[in-house]
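These notes open a run of structures that come right after.
Each of the next two complexes has subunit A plus one more chain, namely subunit B in the first and subunit C in the second.
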Partner chain A sequence: MAEKQERLTGFSGIATVLGIEIVIYGLSLALMLVPGGWILIAEVLLLVAVMVYLRRNPTLSAQIRDLFAANARAGWIGAVVLVLLIPFFMASSAYWLFTIILAGLFMTACFGLNLQLGSTGMVNLASAAFYAVGAYTAGLLALKLGWPAWLTLLAGALMAGLFSALLFIPVLKTKGHYLALVTIAFQFMVTILLDNQEWTGGPQGLKNIPLFSIAGYSFNDGIDLGFIVLPGYANFFYLMLLMVAAVGIASQRIYHSWVGVTLSTIRDDEIAAQTFGVGVNHWKLVIFSLGNCFIGLAGAFYAHLVGFISPPNFTFEKSLVMVSIVILGGMDNVLGVILGSLLLIILPEKLRVVQEYRFLIYGLVLIIMLINRPRGLLPFKPRDYLDLIRRAERKRVVPAGSEVAEGGV
Partner chain B sequence: MTSLDILLQQSINGLMLGIMYSLVAVGFTLYFGVLDVINFAHGDFFMLGSFIALALYAVAVVAGFAGNVFLVVAYLFIGSMLLTGVVGVVTERFCIRPVSKSPMLISLLVTLGLGIAIREAVRILYPRGSDPKGFPTLLPQGSFTVGNIVIRYENLIIFGVGVVVIVVVNFLINRTKMGSAIRAVAQDGEAAMMMGVDLDRTIDLTFLIGSAVAAVAGVLNGFYYGQTMFNIGAMMGVIGFSAAVIGGLGNIYGAIVGGILFGLLETFAAAVLPYGAENKRVFAFLIVILFLVFRPTGILGEKIFERV
Partner chain C sequence: MHNNQLFWTQDLSISFGGLLAVDRVALDISLGEILGLIGPNGSGKTTIFNLVTGIYTPTSGDFFFRGESLLGKPPHEIARKGIARTFQISRLCLDLSVLDNVFIGMHERQKHWLVDSIFRRGLLADEVAQGREEAFSLLSVFNKDLLDAAGKPVGALPQIDRRRVEICRAMAMEPKLLLLDEPSAGMNPEEMAALMEDIKKVQQESEGISIIIVEHDMTVIRTISDRVVALNYGRKIAEGSFEEVSHNPEVREAYLGKRGHSL
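Now for the complex of A and B:
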């Protein structure tokens, strides 16, 4: 046992973990940076082959899982460093960096949507509407009142939260198909209104929204490091990382807290939850607003990222993309949202080669995936309380050194 | 014009729109009955119907029988109904049936994805499919007046066709053996099967009828507006679903009433409210949301109790 532990956590273990991470990282970067469609086909084939191989060899996949579990800290540090390095590889391809930032915005929004859809089981097909509320709030405040960007971000998030109140009564009184219809109707209402109002710029939308700048430092300037000049998007990239990390960690904390458990009970059986004294209505409203705050935050960031917003950016199709991210990634799963956003935002950009057929492929893939793998790429796992207890015990035992001195457990 | 005239004129316009919405709503209600699925791609069958009619018309022009108006209109309606119906059955078999037992979110997304696929397929396959397509003017133009109210012949025919289709569907569902099979499956699929109802065939037939009726609505819509476009289905799907829900989901009369109500709401909002023309749908959807909150089972729906 000790020998196995040694083999797992020793230098070779860490090296293997980092090696796997670097290979995945390199393949993902190559997917974006290598021009042409063949790389996509090659990598998809490779991925399928690896997945089939791993499924045939459950011991190997179990070993890899153990390895990552044993070297969690090294694995995380490696992953963070690799992610931080992304702009360095994108110095001459700002377009892809922009796409990655966009994927980050979808992650942020979908963390919020996942709280509603995945954790609590509330259907929300109006996420693009709340995204729009965030974006227009930020844009209008920056243009008309000259608020600084960091303040408009907060305002956008809050405003999206406040707008949730419009749907409070329907959220409590309807569910399933009916709630889906309410949110779809709301989505269409918002798009139509944005199109018709004078003060939102109508179909032309808002132009020249100031980009981020903090204390006189404009985010549009490249970062000159002497040996390399990073494109201006690198600034946005790091800010996006900050936002994704904050919202993602918050979501993860919610999932692991008693609030997360409460939400699960509401999702699984509302009536049983109510019988056991869970404030179903209270939590539904809290999560609906909080989720929309996250979506609004992402929308506000979007306004300051592109500087130009108009109603076609916030149509029902965008809501659909967000819902597919949550479902394809795996419901109630923060990692699933990250994976789903990367796949659904970055791959279609690669498919620009087949521009004409892009949405057709998107629709077909959606159908095939959902019929064959309805639980998503990273299926939701029941909470493992035994593991939680084990971890808590390990924590209690290890630092003390000897159990006797502590008077036993 | 007196205000009574305006009221009547708008009612007629509203009925026109409403009858088309009813035809789409009927499909939603039928599918929900037999498969418990909301088919969000249904609006795209409406669009598909209009495009198939356009393609058939092109064939008729080439074949040289486009001159006989009566024949060609009948041919457009019947051809479009048949072909759209077949597409409806095929997609039901391969896309909708496999997810009919899945959680509601999955079936919702699959049908939405199906809608995207149909829309894009039409856009790509139809020559210059991204542009709005003009519809041939086949119905008699001109109008007559009753008092101060103007009634166009074309509108009268559209309304008449709509009513005839609704009467026929009603007859099929309520008076034939096939219809009683559909109603039996809608009540309890397993029990119906045990009584000797062929489940697969019944579901196929339901989708054939639903898609064909949507195709009629699509062709009527094409004649009414004089054009069609590949992306009109999404909005029509939401309107059709709304109409079915306002009337009471699962109830065929409800769908008809709901569709007409939605049409009337829209036209009156456009005529009466300030900025109504642009915001008529905002108003109509607002009413839909209120309906869902205060009377979720619709006008003609039964009261549902939640069993624990």
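Now for the complex of A and C:
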């Protein structure tokens, strides 16, 4: 037993975990950086082969799972370092770096959508509209009032949250398909309004929105490190990581808390929730607004990333992509949202090699995945609370009075 | 008149499109009492539960809990006053773990809010650890096996254990009044007997709790209730001890009919 533990957590265990991570990382980078379609085909075949092999050998997959669980800390540190290094491999392919940033924006937005759709069961097909509210708020404030970018980001998020109030009554009075229809209507209203109002620039949209700059440092400049010059997008990439980390951790903490349990109960059975004292309406409004804040934040970031926004950026199709990300990745699963965003934003770019068949293949992949894994790639799992309970026990062991920080993060 | 009563209804009525589902029913229950509610299908038993938990609003009449009228209050506010219930058709969240299902019963006592869930994990850790202990002691009243299954999704449990989890969830609210809607539905006689034992145990462990139980099975009603109320077509037709009610001619005719000889 002790020997087994030793084997899992010792040097070789950590090396195996990091090795697996590096291989996956390398393959993902190669997928983007190697030109041509053959790499995609080769990797898809490899993935299918590995998955079939793992399914045939449940002991091996269980071993791998144990290994990652035993070396969770090393695994996380390794993953973070690898992610931080991405711009170094993308020094000469800013296009892919931009695509990754875009995937990060979708992650942020879909964390919000996941709170609504995945956690609480509220269908929101107007996510692109709230994305637009965030983007236009940021763009207008920066252009007309000259607000700095960090402030317009906040304003964009808040404005999207406030706009949720327009859907106040339908959110409370309708459910499921009916709420979906109402949000679709809202989505079209927003796009049409943006197209027809003078102050939003009409079909031309908003041009020359200042890109990020903080204390005189322009995000558009490359980072010269002496031995390598990172493209300007590297700045945005790191800022995007910060945003994804903040919103992702917040989402994960909401999921893994009393609030998460409350939301799950509302999703599964509103009447049961009410019977146990849950103010269902209260929570629906809070989560609908909070989710839209996240979506609006991503939209505001987008405005300052590309500097030009117009109505076609915020159509119903974008809402559908966001919903697909949540459903494909796995409802009520933060890691699922990350995986779903990477797949659904990066793969279509790779599929550009097959030109007009792109969306055909994209649709096929979606259908096949949903047939095989109807609950998403990373489905909802019952909460275990292990880390919280361990934390409470640690605290109890510390003699009373010697506690340093109560509460804390 | 109602000085000792924990809960009572006054001329409670509801009609659905002309059909009087509950017709001027007066019920009352005192502290620590177990009241059996019987009646044929469609006699309004579950409807009464839905009325007094706020899921339906009465057409007329009123109901009082600890001297206060709860008429027109939404379900979650009524729950917060201390009325818990189970459902005839189980309303557990099947994807959630046993523990999470019991946790929702503690919703009212959970202090932390959305912002705390993000920034004050220490507070949450304490509450979860304490809630878990409470949940475990509730689950262990029933069955030690339930403790081992605490982390499993409820959907993986057999029917009888689901009922038990449902009762635990209701008890986690620390209610003053517990409404059990056909707890033994879909169980065989042995399971039913075990469940009745459990309910008695629950009542003894939490002194003073009052229970209203809707049941079709007369053995259950006979063994468990202190007093019985019989309904038919939404009206109260008899009230008293099980013996009195079961010998009431109107009850025999309306409810037990040809099966009357089995009593």
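As a working rule, the second predicted complex is superposed on the first by the 380 of 409 C-alpha atoms of A that agree within 3 Å, B and C clash if a C-alpha of one lies under 4 Å from a C-alpha of the other, contacts with A are read in each partner's own complex, and residues count from 1 in each chain.
As a convention for this text, a residue touches a chain if its C-beta (ideal position, glycine included) is under 8 Å from a C-beta of that chain, and two chains touch if they have at least 3 such contacts.
Source: prediction; values computed, not measured.
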For A:Gly176, select first, second, both or neither according to whether it touches subunit B, subunit C, the two together, or no partner.
first
First (subunit B), second (subunit C), both or neither: which does A:Val34 touch?
neither
For A:Ile271, decide between first (touching subunit B), second (touching subunit C), both and neither.
both
For A:Gly279, is the partner it touches subunit B (first), subunit C (second), both, or none of the two (neither)?
second
According to the stated criteria, A:Ile327 is in contact with first (subunit B), second (subunit C), both, or neither; which is it?
first
Looking at A:Leu364 after the superposition, I want to know if it touches subunit B, subunit C, both of them or none. Which is it: first, second, both, neither?
first
Let me test your reading of the model: by the given contact rule, A:Arg383 touches which partner, first (subunit B), second (subunit C), both or neither?
second
Identify the overlap between the subunit B-contacting and the subunit C-contacting residues of subunit A.
271
Touching residues on subunit C, where the partner in the complex is subunit A
53-55, 74-77, 79-80, 84-85, 87, 91-97, 99-100, 103-105, 107-108, 110, 112-114, 117-129, 132, 151-153, 169, 173
So in the complex, which bits of subunit A are touching subunit C?
249-250, 253-254, 257-262, 264-265, 268-269, 271-280, 286, 290, 380, 382-385, 388-389, 391-393, 395, 405-409
Quick check on the complex: what are the subunit B residues that touch subunit A?
38, 95, 98-99, 102-106, 108-110, 112-117, 119-121, 124, 234-235, 238, 241-242, 245, 249, 275, 278-279, 281-282, 285-286, 288-289, 292-293, 296, 306, 308
Interface residues, subunit A side, partner subunit B - complex
117, 123, 169-170, 173-174, 176-178, 180-182, 184-186, 188-189, 192-193, 195-196, 271, 316, 320, 323-324, 327, 356-357, 359-360, 362-364, 366-367, 370-371, 374
